[in-house]
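Chains here go by letter, A, B, C and D, matching the order in which they are written, and residues are numbered from 1 within each.
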Amino acid sequence: MMKLSRFLNSNRNAVGKPTDVRDGSALHALTFQAGISTGGKSSIQDRVFAPYSVFKGKAALSVEPVLPTFSKFGSGNLRVDRRGSMMLTFLPAIGERKYDYEKRQKFALSATEVGSLISTGPKDSCEFFHDPSMLSSNAGQVRKNLSIKPHADGSGYFVSLSVVNNILKTTERFTVPVTTAEFTVLKTACSFALPHIMGWDRLTTPLPGTLASKLSKVDPQMPDLEWDK
Amino acid sequence: MMKLSRFLNSNRNAVGKPTDVRDGSALHALTFQAGISTGGKSSIQDRVFAPYSVFKGKAALSVEPVLPTFSKFGSGNLRVDRRGSMMLTFLPAIGERKYDYEKRQKFALSATEVGSLISTGPKDSCEFFHDPSMLSSNAGQVRKNLSIKPHADGSGYFVSLSVVNNILKTTERFTVPVTTAEFTVLKTACSFALPHIMGWDRLTTPLPGTLASKLSKVDPQMPDLEWDK
Amino acid sequence: MMKLSRFLNSNRNAVGKPTDVRDGSALHALTFQAGISTGGKSSIQDRVFAPYSVFKGKAALSVEPVLPTFSKFGSGNLRVDRRGSMMLTFLPAIGERKYDYEKRQKFALSATEVGSLISTGPKDSCEFFHDPSMLSSNAGQVRKNLSIKPHADGSGYFVSLSVVNNILKTTERFTVPVTTAEFTVLKTACSFALPHIMGWDRLTTPLPGTLASKLSKVDPQMPDLEWDK
Amino acid sequence: MMKLSRFLNSNRNAVGKPTDVRDGSALHALTFQAGISTGGKSSIQDRVFAPYSVFKGKAALSVEPVLPTFSKFGSGNLRVDRRGSMMLTFLPAIGERKYDYEKRQKFALSATEVGSLISTGPKDSCEFFHDPSMLSSNAGQVRKNLSIKPHADGSGYFVSLSVVNNILKTTERFTVPVTTAEFTVLKTACSFALPHIMGWDRLTTPLPGTLASKLSKVDPQMPDLEWDK
């Protein structure tokens, strides 16, 4: 708690650009509760928890890449099975520097939605709609709307998530003010993560002398075979 | 199919920036057919299929890096054997959300052509010509022309491929509208992939105490040896 | 010493943009003293010293990423234990090309502060305050202030650190003029380092057929599970 | 040779932006001769040759990163021994698509000089001077001058190297016109390579439970220890 307080304090002292308020112990709580909330199912080997979190007065925003999963087909080929995404998790504040993880809401940005975020300029805004039960009988019953709107003075953005649930008759809204510095971290980190959530970091060069490299000489995807048809 | 529908639907709902319409099952079909279409030749170990695909009304565009291959020479040196590229695959639509993989056409962007794509601004356009049978008796018989032209309102680009085959007396043309968000994904992913298709990700630092590091002290390419002549 | 002299010399010859004045032997001294100054505690296996250093007339600035540490929890999960940072080390000059490592002062930029640095334009300035003893009885006794201010002619920045210690009644101030080229190196290297100090380079894709990938099908963080609530 | 011809041909066809003229066989010759020209000394294990080459009418420019070497000190620590660089190699043309490797001249860009190149805008130019025998009795006898000047129409740059040798009474000058696309490849690839020539790609995170991670708790470079003095 000391650290967070210290950072919030230095935050007040900061000139123009607030400093990071992420806190080791908060991360601990966050990820520990995540472990619990899944009935132990999340205990995956080498699972790494390294969210980038922005803690503000009324809500916190935590961002973390979710990598794709692959499945095998043919003789040892891998195919993207479940696409990756950037997972945004919003938590409401329930006191000074306390956030209710049980009341969290998530929004998963696809690769192209990440492209929108990366290409958002100082004056731009963007908005996405997701419908969990689309095409089912419950279509339109639950609607999630993520919007990113610039501050009037260009000092950052408001990142808002609203979740309207017509079944439970509930409406939840989270708004987290994000500074230019924090948004730059998001853009830079998302640019880094994008090829990873696309699975491009798994592309490997065949080593000389291996079967793979021999076969690759007749690889139909090799450039020269562009000429085949 | 559900997922794609859902995304297309959310696509209609999207404000300003469409969301990703890539679909796991479509990827499946795409790569599975790819596996078939090569008579099994493509069954390379650890071959990864992770194309970034844009599905639109009249055609789909699928982009994937093709890494270089290396060959050995001297005592354990590696040299780029076949240069890498960014492979663009166009597929014509043959129904709602159905694309004919057999009628695909490919265009392989070289490193420098990728440089053109990356440096293409919101108002810029670029165009490339490839001739598969150049310098042969069939020179000019088959011509491929890829063009990237910006939308009038700056909301994205038209990516078009035309293939004129004077032998078969055929002309094929594919046009895929690409949003700013989708083009940002292409630029970001291509910037990530560029050093890989150039083979620069394979450059390795000699470890201390190894023969390599000892020899590297007299490596003719080391900076100080710039002074040799 | 020859090299440094040579570079300083070529520096004088340079037109518009000075060249790098980093020096192998200076690095040697710097890191060797670092090894000593910690009573051997810093002798960590595979510890790599590769600071980017800018040597100027009155002071030197050395920048190096400090990676996060992880701790285990649950069954094999990893959690960021100590967050990473970009460590700036200032050294006062005590003669021509001589710097006093014992009088060094450090300033650790958090991920968000790195975001500020990366988003600093040619005309922008930014400033950070740290208080080591915040919330303790000594709060406000020692104040560190890092400022980055652009040159009037846009040819670079002044990077200054002031340390006011009311207990020791001391005030130290370091100012290092940084050229646009040197600042570009800092921005580019910090953009590269940012995901690493965030721990995102440790995120791994579950391999097909492993327990991890099976469990990941029910991973609460997977995109589709965005829809769970 | 076919490929190169083909590319040169498509080059003539290109609209606005020329395509890559790099050629597998040319690379072969280039690297093979490199192997020879060093009396076999360059036969380092896992040495990879993957230059990015621009072949033009009067000269060719080949660019390749040279990674740093490390030496051990203390108990298993690594220190940058020889700094990395971007090595530019110029070759004069001695016929159509023929270049004289024996008459090559090299220029090694330091990290900061790479920073200059990366920050060079469409209208900017930059210039560097190196003196191999600086501070020796031969100081000023051999002077190397690399300049990058923009085309008047902003379509690219002229990259020129002049080498004046007052001892041999020789003056050599190479000028290679580089298109915007080719320069974008250089900037993108140099941005990728920069952290590698700085040795930052070798920084590693201590694994939990290892001696390293235990020691890192008292690592003098850890952020919190910024507060120590």
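Assume a contact is a pair of C-beta atoms (placed from the backbone, for glycine too) under 8 Å apart; a residue touches a chain by one contact, two chains touch by 3 or more.
Computed from a predicted model, the values in this text were never measured in an experiment.
Asker: Work out which chains are contact partners of both chain B and chain D.
Answerer: Shared contacts of chain B and chain D: no chain.
Asker: Can you tell me the least number of steps between chain B and chain C, where a step is a move to a chain it touches?
Answerer: The least step count works out to 2.
Asker: What rotation angle, rounded to the nearest 5 degrees, superposes the C-alpha atoms of chain A onto those of its identical copy chain C?
Answerer: 90
Asker: With chain centres set to the mean of the C-alpha atoms, which chain is at the far end from chain D?
Answerer: Farthest by centroid: A.
Asker: Averaged over CA atoms, how far is the centre of chain C from the centre of chain D? Could you give it in whole Å?
Answerer: Result: the chain centres lie 25 Å from each other.
Asker: Averaging over Cα atoms per chain, report the distance between chain A and chain D in Å.
Answerer: Those two chain centres are 36 Å apart.
Asker: Would you give the residues of chain B that are in contact with at least 2 other chains, written as numbers and ranges?
Answerer: 68, 70, 78, 81-83, 110, 130, 199, 202
Asker: For the protein chains shown, what form does their contact graph take: line, ring, star, complete or other?
Answerer: Graph shape, chains as nodes and touching pairs as edges: a ring.
Asker: What pairs of chains are touching here?
Answerer: A-B, A-C, B-D, C-D
Asker: Flag every residue of chain B that touches chain D in the complex, lowest number first.
Answerer: Listed in rising order, the residues of chain B that touch chain D are 68, 70, 73-83, 110-116, 118-119, 126-131, 134-135, 191, 194-195, 198-200, 202-213, 215-227, 229.
Asker: Please name which positions on chain C make contact with chain D in the complex.
Answerer: Interface residues on chain C, with respect to chain D: 2, 5-7, 9-10, 13-20, 22, 24, 27-28, 31-32, 34-35, 37-38, 40-50, 52, 64-72, 78, 81-85, 87, 105-108, 110, 130, 132-133, 144, 179-185, 188-189, 192-193, 196, 199, 201-202.
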